[in-house]
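In the two assemblies presented below, chain A is common to both, partnered first by chain B and then by chain C.
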Partner chain A sequence: MTALFIKDKEFHDFVAALVGATPVYAPVAKRSLFAFERLVSADALRLDYDVTILPPKKLFFPPAQELLKFTGGKFTASVHPEEKVLFGVHFYDVKAIDQTDQLFAEKNYDVNYMAHRQATTIVASNIQKVSRRAFFGTVGQEVHPKGHDAYLTKIGTGYVFETFTPKGEALTKHGNFEPATDTQRAEVVKVNAAVLEQCPEKLTHKSAEIATKVRQAFKNEELWRECAVDCFSCGTCNTVCPTCYCFDVQDTWNVDQKSGSRTRYWDACLTESFATISAGGGHVENFREERGERFRHRIMRKASYLNPKLGGPACVGCGRCSSQCTADIADPVRIINKIMAL
Partner chain B sequence: MSKPKVAFFDFASCEGCQIEFTNYGDKAFLELLNHVDVVEFREAMSETTTEPIDIALIEGSFTREADRARLEDIRRRAKIVIAYGQCAATGGINALKNHQNDYLPCVYGKDAGMPHLASQKALPIDAAIKVDYKAFGCPMNKYEVLQIISHLVHGKEPVIPDYPVCVECKRRETVCRFAEGDHCMGQVARAGCDAPCPAAGIPCEACRGFVDHPNIPALKKVLVERAGFSKARAESKANMFTANQLELKP
Partner chain C sequence: MNHQCHWTEIENIFMPREATIVRTATPTPMEKHFTLKMADGKPMTFEPGQIVEASLFGYGEIPLGFASSPTRENTFDLVVRTVGRVSSAVNKLEKGQSIFIRGPLGKGFDLNKLRGKDVLIVAGGIGLCPTRSLIQYIMDRRTEFKRFVLFYGTRDPKQQLFLEDLVAWRASKDVEYFETVDKGDPSWKGNVGVITTLFPKVQITPETRVVICGPPVMFRFVIRELDKLGIKRENIFVDLERRMKCAVGKCGHCQINDKYVCVDGPVFAFSDIQGLEEAI
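Up next is the complex of A and B:
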């Protein structure tokens, strides 16, 4: 690992050189909010973003991803990964990417996800502005961000750029970097620790206690029914979540009725038909028919079920579900703290 | 199903969904005719049929009891009946009249008693006959219809979304109307359109109707609490394309 420093006034040139050399995806303004998009110029970069509408996962696992084309019995893969830099990822999203890396690698190794993931160099960045529903300071504290190639921290008159991999190291040739001093490195630690205390929302308990008590609340049907009274089953809490990874696969025929394509789409376990399965003979069975059952399933997945596999909760505290649920019932902090207080 | 016999029929509608069927473009439309045998389509041909058919595409809502016999005849002759477009699927725009009982004297004056004005509520065609599939939208989405027909040609079950428009907005990373102080009905509206309206900054009006089980009390609550609607406006908001589906009772 090396730690380098670049002055504010030279940082712009570094980003411009990067944009000139390789496709760069980074936070930019989108109407009143932010989104990770292809950076067309260094001026569009918004490292002062609070949180993006969708997590950067969309670059490896797109909302609609054509997997193959077919003609008769012949298939051609449609996944053509692009070598790129994902720039300015907050640490909670780095943690989430590390989770989807693990989940897409186990059992059926997902070549479609991995092809995009491996073609990507990830530059994380410190959080300059905390979003209004964030709780990353108190969730899954035992799990540390990993899998990124470099980490950028804004301090005083410039940025400290720490590299962890050869891919991260390679980016430094685009900028006028100098070695970071001990004082600057100490400042990095201070800045990144301080932001953890600034979250507007806080979990009252540790991951292990939460995992156990939430799991014990499984049969509290009254609780889940009440939580889900205003649920639209719209799936927004899933589709904006950086750790959700369910998908549906559909075939589309071209008009010639011989050729077509196979596409996978983000799916959402809060939607009504998610758990509908074929029961044979034209019959179907929905094993999570009630809103409360679907609501419970999400909380179980985020706070309990996956913990043994991931070493912590499948939630990173970005607050996207809380802020984007129009009925404002999806906030994991409110639900979990309520269960912990029972 | 090899080269199915397909016929179009229309009831109370503007017939725009049938016109839309001719809008695939010359090449695609002519290619499609290699795979389906259109035997009745009054927007595009003079021939009609009284023979059995494989797929009946019925446009328009069921607004007169007198139409029941014709609908039943189509059902008897057709292996598969598709409610084609929003009027047929849910009653569509026509169902707006279900909430009005004072317009006859106002609009027609002394002619308010003319016999052709006497009509029942505008209902979806499944109020009269069994419907196998619904092609939603005003007009229907012609690419979705193409997929429905393709799936039937290949003996597969068509996939018709019953999740809300929010899913498609998120897939496009559209800034939510509520995030900008506006209103929207995307949370209860049936998807399948790819959510073009919110992406253009326009609230969803649920032109494909509601999902199977819309949470209407929650919709009214959110329209009042987040979009600043009056209770009365929140109640009436959802009437345009969804009058037959709305449970206004608290």
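Up next is the complex of A and C:
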């Protein structure tokens, strides 16, 4: 691991060189919002973003990911990873990527995700602006981000660029870096610690207490029914979540009616049909029929079910579900704090 | 770093294998019974109770339990109920055509917990299909098990599957077979009533190992009867059905609380899931 420093005006050249050398995906402005997109020029980079509309999981696990192509009875896999740099990822999104890395790799190794993930060099960056619903400062504090290859922190007149892997180290050849001083390194620690205190929303309890009490609230039917009374079952909270990775699989034909593809699409456990099976004769069985049941399932997954496996909650405090829920009922902080106060 | 050299060598969990249909039967207007063998000639190695994802390109994949025992080495059976796009397309296939298979997947019946014991299988409706993998296994290796009782219930006589098997089981000394229908018809001479009405007809000892597979509503009522008989919950094995899209523990559809039916099941000891609110 090395810590280097690059001045503001040379940082621009570094990003330009990177964009010239390899595909770079980074936060760019979408009118008043932000999105991870292919960076076409260094000028488009917006490291002052608060949060992106969709999390960067879309680069490894796109909304529609082809699994195979078929022609008649012949088929071939569709794993075509692109070597790329994912630049400017906030630490909460790195934590989320760490989770999907673990979950797609464990038991049955999912090469469709992992090939894209391994072809990616991740440069994390410090949070320069905190989004209005963020709570990353108080969620899963016991879990630290680990999947990034380098970490960029804006300090004073430039950036400190810390590398953690050979892939991260390899990027430094594109810029005019100098060794970071002890003062600059101390500033990095200060800046990254200070932002944790700036979240507008805060959980009142620690992960372990939350996991236990939320799980115990499972049978509080009235609570879940009330929480979900305004739910449209649209699944936006799932779609924008960096740790959600449920999917549907569908086959589609090409126009020749002989060939086609099998594709997985993001799916959402809040939608009505998510756990529904056909029983024949027009009968269906929906294992989570009520909105409250589906709402509860999501909160259980985020705050309790996966904790033993992940070492912390399956929520990183980005606040995307809170800010993008049409009815504004998805906010985990409100729900969890409410349960903890019962 | 060049990753492109190695990912193609890693097994891709979404790639199926081709199986050829060697025989079909149509036990009811709703179901089709396929006997298959792998196109590459390799045996399908599985445990009773395990599942596959069966697919037809252009239509999609569906999860199915093996409907035959691994003791029948050359072929394996799947039964498909016509309920949607994939099953409707699959059920148009005939001998010589192909079905694409991923599997075996999931955890089947723990045979070590059944061997040397009295076994009761309670199968409702299409629940006879996955349990047939165990029924055949027990019949083929009859000496490995003690007493064997089988309950089979359907909505009406026309819903009965594996008619040749039923004839054989009714006559067999290797299985004490009891059947019922919720609603009879003029031709039906047997028991009428839900599956729990079979319990008074036979003595079930408290040490019996019990396997249950059927529609969701059936489990609760059967377990209530087993409680009355003093059967321990670790000796009750339930074979559960859920929506599945991947069957490899990723897609999230089959999740029951913190368990995935596709990888942690579909067969569970009831004692392992009785605390899960969404299970039964």
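Note that in this section the second predicted complex is superposed on the first by the 334 of 342 C-alpha atoms of A that agree within 3 Å, B and C clash if a C-alpha of one lies under 4 Å from a C-alpha of the other, contacts with A are read in each partner's own complex, and residues count from 1 in each chain.
Convention: a contact is a pair of C-beta atoms (placed from the backbone, for glycine too) under 8 Å apart; a residue touches a chain by one contact, two chains touch by 3 or more.
In this text the structure is predicted, and so the values were computed from the model without any measurement.
Peer 1: Looking at A:Thr271, would you say it contacts chain B, chain C, both, or neither? Reply first, second, both or neither.
Peer 2: first
Peer 1: Chain B or chain C: which reaches more residues on chain A?
Peer 2: In the superposed model, C touches more residues of chain A.
Peer 1: Tell me the contact category for A:Phe247 with respect to chain B and chain C: first, second, both or neither.
Peer 2: A:Phe247: touches chain C, not chain B.
Peer 1: Can you give me the overlap between the chain B contact set and the chain C contact set on chain A?
Peer 2: The answer is residues 250, 252-253 of chain A.
Peer 1: Chain C touches which residues of chain A in the complex?
Peer 2: Counting only chain A, the residues touching chain C are 67-68, 70, 72-73, 75, 77, 79, 81, 83, 103-104, 106-112, 114-115, 118-119, 166-167, 218-219, 245-253, 260, 262, 264, 267, 269, 274-281, 285, 287-288, 293, 297, 300-301, 304-306.
Peer 1: Chain A touches which residues of chain C in the complex?
Peer 2: Touch list, chain C to chain A: 1, 3-4, 7-8, 10-16, 18, 30, 55, 57-61, 81-84, 98, 100, 126, 215-216, 241-243, 245-246, 248-253, 255-258, 263, 277-278.
Peer 1: Which positions of chain A touch chain B when the two form their complex?
Peer 2: 30-33, 35, 53-54, 58, 63-64, 229-236, 239-240, 250, 252-253, 255-257, 265-266, 268, 271-273, 291, 324, 326-327
Peer 1: Flag every residue of chain B that touches chain A in the complex, lowest number first.
Peer 2: 24, 28, 31-32, 35, 146-147, 150-151, 153-154, 159, 162-164, 166-167, 170-173, 175-176, 178-180, 184, 186-188, 211-215, 217-219, 221-222, 226
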